[in-house]
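Chain naming follows the written order as A, B, C and D, and within any one chain the residues start at number 1.
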Amino acid sequence: MKTELTISPQRINEIALSEHQAISEKTGAVVTFSGIVRGQEGESQISAINYESFDKMVEHQFKLIFSEISKHWPIESIRLVHRIGTIKVNEVSLWVEIIASHRKEAFAACQYLINEMKNRVPIWKTPIKR
Amino acid sequence: MKITVRFWSYFVDLTGCKQTCIEVDQGITLGQLHEQVCEQFPKLTAAKNSTLKVVDVDYQNSNFVLSDSNEVSFFPPVQGG
Amino acid sequence: MKTELTISPQRINEIALSEHQAISEKTGAVVTFSGIVRGQEGESQISAINYESFDKMVEHQFKLIFSEISKHWPIESIRLVHRIGTIKVNEVSLWVEIIASHRKEAFAACQYLINEMKNRVPIWKTPIKR
Amino acid sequence: MKITVRFWSYFVDLTGCKQTCIEVDQGITLGQLHEQVCEQFPKLTAAKNSTLKVVDVDYQNSNFVLSDSNEVSFFPPVQGG
């Protein structure tokens, strides 16, 4: 299973990422997920979210999750980009791409990855009010 | 032995520092260190039950026995995505 | 809920489609799915698949599924493109995009849509052997 | 009355035609029409239980009573995606 992990303050360019999609003769399904900063957090209108990360541990925890996925499902490739720093409303904070032969495992792995990330990967948000 | 303790997210605001260095007894557990840290930084006490405890880059439970080279992190629930 | 449905023999241009992604202040999740023609169908190596469709019924059945989705989940937008005619190995036969506030409903709706399509939407495949 | 019946996918190969026009009695059900079509095109009989039955653009079950303006389609399981 190929994996690619990027934690960076740079704007996520989904178009550029899609152009580098690495499919094979066996590929039947590509699931992508984009997490986008919403204009409202709880009750308050916000203009952006500041994401803070414990980088060394983020990388380690993502690798543990990737390895769990590779044991559970036949996945060809995972690419994950998490942006950190200040991310404005309507901008992408998280981008995930899962490539597999069949859609069921691609969807299962993608959801597992995001759920586990939300449980364990040390990234925190601070909303910036309008 | 001396253990470096790092705080993350709003725990930095509660303690007023990103990291500190604590003198502890040999054989101290992660749970005992957490107690000691909460005594030193009483504002952490309210969040005690939801605090995530990490040794180096792995989550550990309270029984984990610390050694000299370990670096400990305490932080609130994570919120990636 | 906005919907956009395209059944066409034209090559699916995922990049161009992504460029027209219509997100709002409430958008938190974009799930996309691409179905890709695999080089193997059962035991035999294939070079392409020919897709035949009963167009008028395809459109009607997709609209029924869209309306079921809008009743079950708060979805902002669905775009679906199904290519028909001869589609070569490694080319995209199906592209789906679901936009919602939260990922759970986006994933649920996307999987429901594809599963129901496979049950009901009158499109048939004929593999073309190498 | 006359009903137009359309075939799809490999049913076209089994019957040798894309559509046909069948004279039926008033009040005939979709199931009865299916029987009649299988008699006329015996190669469809093997696929009888898995045949999907459609009136205009909606799936219907065997009890559906046909009327003059209906167009019927018979086809094997669908395979989109």
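By definition in this document, a contact is a pair of C-beta atoms (placed from the backbone, for glycine too) under 8 Å apart; a residue touches a chain by one contact, two chains touch by 3 or more.
The model shown is predicted, which means the values in this text are computed figures rather than measured ones.
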Mean-CA-position distance for chain D and chain A (Å): 48
Between chain C and chain D, centroid-to-centroid distance (C-alpha), Å: 27
Junction residues of chain A, two or more chains touched: 35, 114
Numbers and ranges of chain B residues touching at least 2 other chains: none
Pairwise touch network: line, ring, star, complete, or other: line
Which chain pairs touch, all of them: A-B, A-C, C-D
List of chain D residues in touch with chain C within their complex: 8-10, 52, 54, 57-59, 73, 75-76, 78-81
List of chain A residues in touch with chain B within their complex: 35, 51-54, 56-58, 60-61, 82, 93-94, 114, 117-125
Parts of chain A lying in touch with chain C, wherever the complex brings them together: 14-15, 18-19, 23, 25-40, 89-90, 101, 103, 106-107, 110-111, 114
